[in-house]
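The next part holds the structures, each set out as structure tokens.
The same subunit A turns up in both complexes below, where it pairs with subunit B and then with subunit C.
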Partner chain A sequence: MAGVSATVPVRRVTASGSVRSRRAADAIATIVLWAMASSIIVMLAAFVIYMVYLGWSALTPAFIFGMPQETTAGGGVGPEIYNSFYILILTLIFTVPIAVAAGVYLQEYEHAGRFRTIVQFSAESLATIPSVVMGLFGLLVFVYLFKWHFTALGGALTLTLLNLPALMRVTQEALASVPDTLREASMGLGGTKWQTITRVVLPSAIGRLTTGIVLIAGRIFGETAALIFTAGLSVPFNNPYSLNPFRPAETLAVHLWYTHSESIVPDVARIGNGSALVLLIMVLLFNVSARIVGRQLTKRFTGRAE
Partner chain B sequence: MIEMTSSTTATTDKLVASDVDVYYGTFKAIKDASLAMKARQVTALIGPSGCGKSTFLRALDRMHDLTPGARVTGTILLDGEDIYGSDADPVVIRHRIGMVFQRPNPFPKTIFENVVYGPRIHGERNRHVLTETAERALRAAALWDEVKDRLSRSALDLSGGQQQRLCIARAIALNPEVLLMDEPASALDPIATSKIEDLIVELKTQYTVVIVTHSMQQAARISDDTAFFHLGEIVEVGPTSQIFTHPKEKRTEDYITGRFG
Partner chain C sequence: MIAVQARRSHRTERIAVIGLRVAAGFVILAMATLLLYLAYEGTKTFYVDKFPLWKFLFSTSFDPDSGQVGSGVFIIGTLAVTLFAILVGGPFGIAVGIFLAEIAPYRMTQLLKPAIEVMVGIPSVVYGWLGLTLLVPLIRTHTNSPSGFGLAAAGIVLAIMILPTVITLSEDAFRSLPPTIKEGSLALGATRFQTIMRVLVPSASSGLAVALILGIARAIGETLAIQMVIGNATRLPMGIFAPTAALTTEIVTDMPGATEGTLLEHALFSMAFLLLVIAMLLIVFVRLALRKRN
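Up next is the complex of A and B:
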């Protein structure tokens, strides 16, 4: 090697023509990609600022905790906020066990095969059904066929159908992120499959799983079309904070739609802007807490942040 | 039940593989492998990459049960009982035969929880017993002094070499009779490697060790017997000193002298 170096011509370390143009392309690409990524931040910020500007004055205790009005000004959204959480919790009670169990089965037990294909295909098909169609299905089944009329339970079951596939996918992805070497380690120590899943796989996946669940909770919270036909457009005035699932339960998101399209109250704009802002704040809170809770759980169960 | 021949029972063979074939689907990865592994000795499995030594090792712990499409035929006797027998339970077998993998794979749990994982899943609940087990295993794995003050810290904060010794501690916390090691030092630096090697020599006073290694120096340093694998077959088995100085087979000699592999 040393003997050859003497014959090599002198080479410089500074850039010449073709290198310079490649460098320029590199710089332009960096700037364009950065700008596109930044535009997402700008769009979100502009949206949030505008919503806050419109809705801020409406956010009074009387609005947040008060009863809605049918014909006069000054209505609040207290029962609607309550209903949103009520239906959300009902939905999660149905969705989480089914989706997590199905996801665990597909990911940990049925690596391949016809059954897995059928379940996956069903979930994907379910996921492509528009929420308004799912709402009509809920109307036909829960409202008419079961004769429940508009109920919180009918709404929650419709939302369950709507969100099962996404949550199953979230579960599968959370489990897939757990390295196989950990499963091998547990099985190699004489663990059964179930012990491996409950003691190693799920604790390792719990952070991602929770993040996914909370993000989906945010979606459920803001769902409208599927609830208009199933949970209805009203709240029971004699007992608006009822725990009875067999009663109409208009949610905040549905109320927002209702106010703007059907309502005859004079302060439509105020109620609409206020509702939208409350909804926005709630959904953003879900997103932020999803990350915090996920990280905390990962730390708690694995002794270390991700 | 297959009876052992008198020649194998006369010595203290712990684990005896006879005519073992391993298939991945239709591909035959191991062909007619027979090997007796002596109690409280280190048996090294050497050979070029892809020769099947790891595949063979995993068959000794029924780890192929976990791989869809993998199939093992032949018999592997642990103290005379076939671990592939119809009434053999992999959970019991893996309790008696421990495995240390190529890459350190500690659980994302605390150091303490890693070591006591095995005893816990086999039903040990007594905190006092678990604490003693953890100390004994960590001492045996030459890790105690380095971690005794931070047992409740995450195992993932340890260095690679420490993680691998933790995995060894985790395996020996179950008091296995056999310890299988799949290139346990291949992901480690030379200092960590020499610690692991010292540890293996230490461990053979209590355990039967079978180790896969791509390093012939390592095999020469720590093993009593060596089996040379090539293309899914065991080409030659014998005392390590003999294999390395007077191999009987041409292929063994070629490999050992560096002519291929």
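Up next is the complex of A and C:
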């Protein structure tokens, strides 16, 4: 080493001169990148603390279970929370079978070809469409064309279109994570392709699939723009906890927006703070349970820890 | 017996494939219907109301009652907030993507990834509410903006909202690079920062382009979060703190009061169709960027 540097002394001098500044630049860059990444966590934590601080006092039983008010203070969000879950479940009933089937088809059956290309392109386009545009499409089809007016079902079908691509991608990724040796073993034992998929591949992928579904469920729960023009801005007052899908169904997220921008109640801030906090708590719950449920299912169906 | 079973499973197999194919076909059907239906409704402004296309795109006079639906204000508003969001959120997101792919120790990744997932899950209206109660008063007290609503508030909210998209996709872009190019650079004596700037970022450029394009797509389509803070004024943004409106916010603001079949309603559908066209163009760009990589 010493011999080499002795033969090229000029180079060594310039190199050592810049080494120090290069190292300094490297250290500064590392610190800056750490700071940027940490700032995301700090920002998120600040958001959560701030929302809890604002909304904590609003979270009374009368607020969580009470009826909304049109003109006076003291309104609750009971029917809105119910509607959020109701539309979420309706949406999942439509989305999960279609998205999983389409994902299985693309991942297990057709690996190339024009049909696949068109499906993929359609899914990608569908995924990029703004949710407000999807809402207007739902308005055209379910409200104007089918003359359903504002309904829970119309909202759920609109959200189905909106979330199909994401769930398809989740399915494809979950299936791709299953090692090919499992498929080969099943086929080698004489299983048909369909038997292999239903009895080997899907059970192995169920953990990841469920995690993805629960995360998407969280997004459906908070969706707003697509629902304003499809599920409407009101709840039926004589029967707010109706199971009838052909009725207006304002969700909690929509109610937060509506209260802020359209309604004339005097306690907008209280309702907004409370609703925002409930939504935030639900997002956190969906995220945590996605991980727990996914891990449990993977363990149960495959015996692997993850 | 075995023959019967084999025949039965053969039939199940055929039915299953047909069922799966139908589900995949549904995606094409949904997209095609959506495109055609919105194209049909979205062009009524031009063939029913005879409002010229160039005026819709470039005129800034929007007054449906006197027959004017020039949407230039909303188009410029959308472009301005998107530009703001991508200028702030783009570099920041790519930097965090680099951090996750190259620097973050395991524990930090375990903390950052769930945080980003929560950020994706937070509903648009909650971001809007945060902007409304936190950001708007902040801008009002610290600048000479009288209301606090406007371009800057909307741009900052959007910049935060596109972060998860940009971070996740740029991290993927860096992770998909072959490790040999990094090792080669480090072996030549480059520091980590030099390797990132001169080797990794240029090599991952098409993946980073995809991250930015999809970030832009998210920003252009975002509606309620910015509708709550942009001010919803039908005028060009004269300065960074001035209230304005975007295509999405204008749709949400005026659609509830629009009667079916009027010029206003047609114009709002034209804006929705324009957003759809932009979204599909961005997908084509993504495809081109990915093809360049392969």
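Operating definition for what follows: the second predicted complex is superposed on the first by the 269 of 306 C-alpha atoms of A that agree within 3 Å, B and C clash if a C-alpha of one lies under 4 Å from a C-alpha of the other, contacts with A are read in each partner's own complex, and residues count from 1 in each chain.
Here, a residue touches a chain if its C-beta (ideal position, glycine included) is under 8 Å from a C-beta of that chain, and two chains touch if they have at least 3 such contacts.
This one's a predicted model, so the numbers in the text were calculated from it and none came from an experiment.
**Student:** Given the touch rule stated above, what does A:Thr192 touch, subunit B (first), subunit C (second), both, or neither?
**Tutor:** both
**Student:** One more residue to check, A:Leu106. First (subunit B), second (subunit C), both or neither?
**Tutor:** In the superposition, A:Leu106 touches subunit C alone.
**Student:** Touch check for A:Leu136: first (subunit B), second (subunit C), both, or neither?
**Tutor:** A:Leu136 sits against subunit C, while subunit B stays out of touch.
**Student:** Tell me the contact category for A:Leu59 with respect to subunit B and subunit C: first, second, both or neither.
**Tutor:** The answer is neither, since A:Leu59 touches no partner chain.
**Student:** On subunit A, which partner touches more residues: subunit B or subunit C?
**Tutor:** C
**Student:** Once the structures are superposed on A, label A:Glu262 by its partner contacts, choosing first (subunit B), second (subunit C), both or neither.
**Tutor:** In the superposed model, A:Glu262 contacts subunit C only, not subunit B.
**Student:** Figure out whether A:Met67 sits in contact with subunit B (first) or subunit C (second), or with both, or with neither.
**Tutor:** neither
**Student:** For A:Ala225, is the partner it touches subunit B (first), subunit C (second), both, or none of the two (neither)?
**Tutor:** In the superposition, A:Ala225 contacts subunit C only.
**Student:** Considering only the contact definition stated at the top, list the common interface residues of subunit A for subunit B and subunit C.
**Tutor:** Overlap of subunit B and subunit C footprints on subunit A: residues 192, 195.
**Student:** Would you pull the subunit A residues touching subunit C in the complex into a rising list?
**Tutor:** 22-23, 25-26, 29-30, 32-34, 36-37, 40-41, 43-44, 47, 50-51, 54, 97-99, 101-102, 104-106, 109-110, 115, 118-119, 121-126, 128-134, 136-137, 139-141, 144, 161, 164-165, 168, 192-195, 215, 218-219, 221-225, 228-229, 233, 253-254, 256-257, 260-262, 269, 272-273, 276, 279-280, 283-284, 286-287, 291
**Student:** Inside the complex, what are the residues of subunit B that reach subunit A?
**Tutor:** Residues in contact with subunit A: 61, 63, 66, 68, 91-95, 98-99, 101, 103, 105-110, 113, 117-118, 120-122, 152-157, 167, 170-171, 174.
**Student:** Where on subunit A is subunit B touching in the complex?
**Tutor:** 111-112, 179, 181-192, 195, 199-200, 203-204, 301-304
**Student:** Mind listing the subunit C positions that touch subunit A in their complex?
**Tutor:** Contact set of subunit C toward subunit A: 9-10, 12-13, 16-17, 19-28, 30-32, 34-35, 37-38, 41, 92, 95-96, 98-100, 103-104, 108, 111-112, 114-126, 128-130, 132-134, 160, 163, 191-194, 196, 214, 217, 220-224, 227-228, 248, 251-252, 255-256, 260, 268-269, 272, 275-276, 279-280, 282-283, 286-287.
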